[in-house]
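Take a look at the structures below.
The same subunit A turns up in both complexes below, where it pairs with subunit B and then with subunit C.
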Partner chain A sequence: MEAPPVSVLPITGGTISMMEYLLQGSVLDQALESLLHRLRGLCDNMEPETFADHELVYLLKGQQGNPFLLRARRSLSHPTVPWHLRYLGQPEVGDKSRHALVRNCVDVAASHSLPDFLNEMGFRMDHEFVAKGHIFRKGVLKVVVSKLSRILVPENTENTEPLSLSYLVELSVLVPAGQDTMSEDMRSFAEQLKPLVHLEKIDPKRHM
Partner chain B sequence: MQQREEKLLDASVESLISRVGHLKNVLHSFIYKLENEYERLTWPSVLDNFALLSGQLNTINKLLRNEKTPSFRQQIIIPLLLSPDRDEELAKLTEQRVPVFSHEIVPDHLRTKPDPEVEEQEKQLSAEAARIGPEVAQKQIQTLNKLCSNLLEKLNNPRDDRDADSAAIRQNKPSFNPADTNALVAAVGFGKGLSKCRPPGPVAPGHTGQGPIMSGGPTLQQVTIGGGSGQQQGMGPGAPQQQGQPGKMPCNIKTNIKAASSMHPYNR
Partner chain C sequence: MSGSGPAVRVSIESSCEKQVQEVSLDGMETYVPPLSMSQNLAKLAQRIDFGQGSDSDEEGAETEPRDPQEWGKQEPEEDEATVKFQPSLWPWDSVRNNLRSSLTEMCVLYDVLSVVKEKKYMALDPVSQDPSAGKTPQVFQLISKKKSLATAAQLLLKGADKLSKSVAENQENRRQRDFNSELLRLRSQWKLRKVGDKILGDLSYRSAGSLFPHAGTFEVIKNTDIDLDKKLPEDYCPLNVQIPSDLEGSAYIKVSIQKQAPDIGDLGTVSLFRRQPKAKAGTQPWHVKLEAAQNVLLCKEIFAQLSREAVQIKSQIPHIVVKNQIISQPFPGLQLSISLCHSTGEKKNQRASPEKPKPDDHLYVLEHNLHQLMREFHKQTLSSIVMPHPASAPFGHKRQRMAGPMAYDKAEISNLQQNEGLLEKIIKQAKHIFLRSRTARTIDSLASRIEDPQIQAHWSNINDVYESSVKVLITSQGYEQICKSIQLQLNIGVEQIRVVHRDGRVITLSHQEQELQDFLLSQMSQHQVHAVQQLAKVMGWHVLSFSNHVGLGSVESIGNASAITVASSNGEYAISVRNGPESGCKVLVQFPRSQSKELPKSDVIQDGKWNHLRGPYKEVHWSKMEGRNFVYKMELLMAALTPCP
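Right after this comes the complex of A and B.
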């Protein structure tokens, strides 16, 4: 089930439905340094930002087929910062010529009682992982280079093992629904990262 | 004849002045950018500036090499009048950089020989060159020429199967693995490789102090949480810990909720 389209701002001034444009790729560990150098040159000049996040993915299985998925993310490096809850819709199938994956995206902040709340609501945690890496920005474009790790001992975010020998590289933009100008900019930025990384739109359903 | 030469000289000096003026403007804006906007400056735009500068230097060189340009080396500039007074005309011409045409600025501006340091270095280099003798010098020249032509050839003719060595080296350096890309995208997209529901074996010590836990089936079954979820007895302190367990966790919560709802809070 999909989230209902948010066309009118809720009275409490909650969230506006945004579209996320996404391009993904990966880079091997040994090539990480050169990628970081290149990104530091290409992106806005700011202090290099690293992050360490713990993401939990919650599922709500309704009577129909598709379960409803919510992602809850908390920072391991800043434990007091609020949780971040995100809903990502199905990728829009439309324009085959569009270069990026487009999907509906709703983001909210949440307090630290979020896991309890989701459990009470009936969600069940499906999987979790730890993502550590670097984040860069160029205008509205956001580049995240992260190492995903599997959590071995439940609840223990220290005890993790990397999922693969590569870092995941994601280029994303959040735009309000309706604007469609970003995919060209994303494509030209992705060109500048070749041949280190090939950023492309990867349909997750293909790998199910 | 002389008039023609003079006219040529004038024309070439004019064009040289305008080219140098362009170059000065580009340098000026580049320095300004470097000093004031360095936070927003990106490497491609720095490269663009350098490319622009090099293009302009190229045009100046071409202009000087042009056949119509008379040889400037044969011209001599002699200062006719030096005065320590401020000269307004000169100041206006040079944008306030040379207000006085005096004895101090003449050695710098009308210099024809290189700077003293540069002269020293050149002397050292020519002494060195004279020292090594003509045959050695010739051999060095040939080696350099060979290296340059090799490099040029390699750059101009990319051939993938030239050498087993070079091909192997190129193959050893791919910077990304498409299989990894797919695995990572699948993991982030829907938890492939992450949500392993291991059969609930011995429970991790210290996690649950809630008494016996019925090990339910290892499959993720649908959990209908009716009224029982509100009264999760004994789950209070345990709940935040429970969510950390992937795989084991769904099974445990299911069984716990079952345990809770089987207690029928209203039937006390």
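Right after this comes the complex of A and C.
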């Protein structure tokens, strides 16, 4: 029996809709140390935090064209911490002068039975990967430097191989919908990282 | 062979090689003096045209006709010599000539020197000067001396000019280097970054975790208003910082507790200002300025946080926020005021005249605690429990993230959140401080007012911001070892005082001053009766009855009266004591029947032994009794009533 039709409704009532502002870039492996040093200096003064996550991407193919995509992520370094389920909407086509990619974002913490639940709901796992790296913060800005690895054997997170010889750098902020002050701050922060890494808004549509 | 013929005179004459210059009228021939070596050489050298190269033949042809003429005269000797002087023959010719001439010069010099030194063949003789030639007119001498002096002076002046210019340049260079070294020193202590051609710095607590929206940027400028000619002032610094205008001056937060002001008309006019401390001698002026600005920023942040909480948090008695002051009521009749005192450095604006200094009720401890609480709050935003795992999760406390999966209800979630803000904490601390000081005052006033029994307070050194403790002992002077039954441990909290008695009772007193005083008074009166009990044990008397709270007699307004009856060892005498906090003490002595006079003789009692029983009571004039305190008097009484064996 095929999955029942899913109509994507706007999220209403009760929750504050959050928008995610995103800038992305990448650095080669050799340049990682200098990037980490600079981030350590620019960001808040905390002990450097590393992470190891395993992300699964679930798709729900409805009768309409676009499948519905959900991202489920768990921490490999902290196994008891709840899973994180994320929905990212389409990037907002606002004015072109906005420096960051803006999209609707819904974040939910979930217990460890999340994959089974999604399977029962009709989602099918599209792909999975392991991300390892460092995470920094500056106020409300979050900078994640991660190395993505492909999982060779399904369900086995030990057996991975890196996807590329570089690290993905992401600068993101979560703000309630309506506030538009963050893109300037993001741009000035990205300027400070300029010669090491160029952070820019990358439209995922164009790369599909 | 032996001289036979006449001697033939043979005269030898050198051939006349010299040229005849002229023949005078008397036949004398004047010879041209022969050329010396150098002269000869010079003459020959003159003939050489050095400008002529090996390829210019016409010049050679020009000199040719001249040369053969002279060659013809001196051809035999100079044939070989002339051949040497042809320039086209040899490139080293001129070199060789130069060397030769230098050799000649050296020989001449050597000859002169040997003549001077050895004086064998020739001697140098001074030539007598013409005396008339040495006498120059004095004016001429003066002028010549002046001229020479002027030349020398000019040279010296030029030199001095150059020197002063170089010194000035050096100083300028040093100032340049000083700016850079100052900048380096500044950078070692403050965050700087370069934006365009300006140097900006950050003096806010943003990087330490603050969320205050003030940018806190300052600009570093070079101090160029310096006059090179004037002497540099002592505190000259090549670097100057420009701080934002609203952070100028200095500020502090004043926390004080006062009796409630009857009128609220003059709220918000707290302008009493304490003099700012003098900066340490070694610190740079920019450091002092930046630190003061940072302090102002922190005080502003604290005050903003406090006023935000004062407005938002609902409490039973609302807090008043007026201008730069927050007023709240911790206890009825009491007023806690927290104010931000910011002075921009202009002394004329101080309205509160310093001639009438108010008593300093500024609670410095609370001001310090406010700063510490703010910094702790900053540190919390930087702690790693906020970092998300997995990395894509939003920032937030990790326990809050469990709320969804663990299905927390509203009560649990509200427990998770920090429900005490800065203002509440400070009010609690202020309440505790006030309660503690009032308790101490109560105990001290009682101790000074009442001499018998004595009250001792031992305060513990280690306290909490919300709790302190004191041990109160009630003793009689001289009998501390015997009468130590009243020992109280007081735990002073935020709003209540908890008393733990030695016998295990726990009593909770409110913040009212009167309650504590009444309680202590009642304990003191109980102590007297307890003391009699202990004394009786020592003296050998028997305790017949003892009650902490007697139900007989007049009702005391404070506490209850206590009473004890003790009998002597042989039973003849008995002492009854009733002590109340208000009614004082009453001591009665019971005598044996044989000693009382007012008993009527009756024939019911026939046996004489009944006379040994105790009979009527008699009151003791306690105030006229000898002895410095109650227990001493009691001991004397007991001793007086104890019969000698």
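Please note the rule applied: the second predicted complex is superposed on the first by the 193 of 208 C-alpha atoms of A that agree within 3 Å, B and C clash if a C-alpha of one lies under 4 Å from a C-alpha of the other, contacts with A are read in each partner's own complex, and residues count from 1 in each chain.
FYI, contacts are C-beta pairs under 8 Å (C-beta built on N, C-alpha and C of every residue); 3 or more make two chains touch, one makes a residue touch a chain.
Everything numeric here is computed off the predicted structure, so don't read it as measured data.
After alignment on the shared subunit A, the placement of subunit B and subunit C results in a clash. Within the superposed three-chain model, A:D107 lies in touch with subunit C and out of touch with subunit B [touch as defined at top]. In the superposed model, A:H198 makes contact with subunit B only, not with subunit C. In the superposition on chain A, contact is made by A:R73 with subunit C only, not with subunit B.
Comparing subunit B with subunit C, the partner in contact with more residues of subunit A is B. By the document's definition of touching, of the two partners only subunit B reaches A:L163; subunit C does not.
Judged by the touch definition given at the top, the superposed model places A:L36 against neither subunit B nor subunit C. Shared-chain residue A:N45: touches subunit B and subunit C both.
In the superposition on chain A, A:I151 contacts subunit B only, with no contact to subunit C.
Contacts of A:G122 after superposition on the shared chain: subunit B is touched, whereas subunit C is not.
By the touch criterion stated above, A:A177 is placed in contact with neither subunit B nor subunit C. Note on the chain A alignment: of 2-10, 74-82, 110-118 or 182-190, the part of subunit C that runs into subunit B is 182-190. Within subunit A, the residues touching subunit B in one complex and subunit C in the other are 44-45. By the touch criterion given at the top, residues 18, 44-47, 49, 51, 53, 55, 71, 73-75, 77-78, 81-84, 86, 107-111, 131, 133, 135, 137, 139-140, 142, 144, 146, 174 of subunit A touch subunit C in their complex. Taken together, the subunit B residues at the contact with subunit A in this complex read 38-44, 174-178, 180-195, 204, 207, 220, 222-223, 225, 229-230, 239-241, 243-250, 253.
Against subunit B, in their complex, subunit A makes its touches with residues 24-28, 30-31, 34-35, 41-45, 56-57, 61, 69, 115-116, 119-120, 122, 124-129, 148, 150-151, 153-156, 163-166, 168, 192, 195-198, 202, 204, 207-208. Per the touch definition, subunit C reaches subunit A in the complex via residues 206-209, 211, 382-384, 386-395, 398, 401-406.
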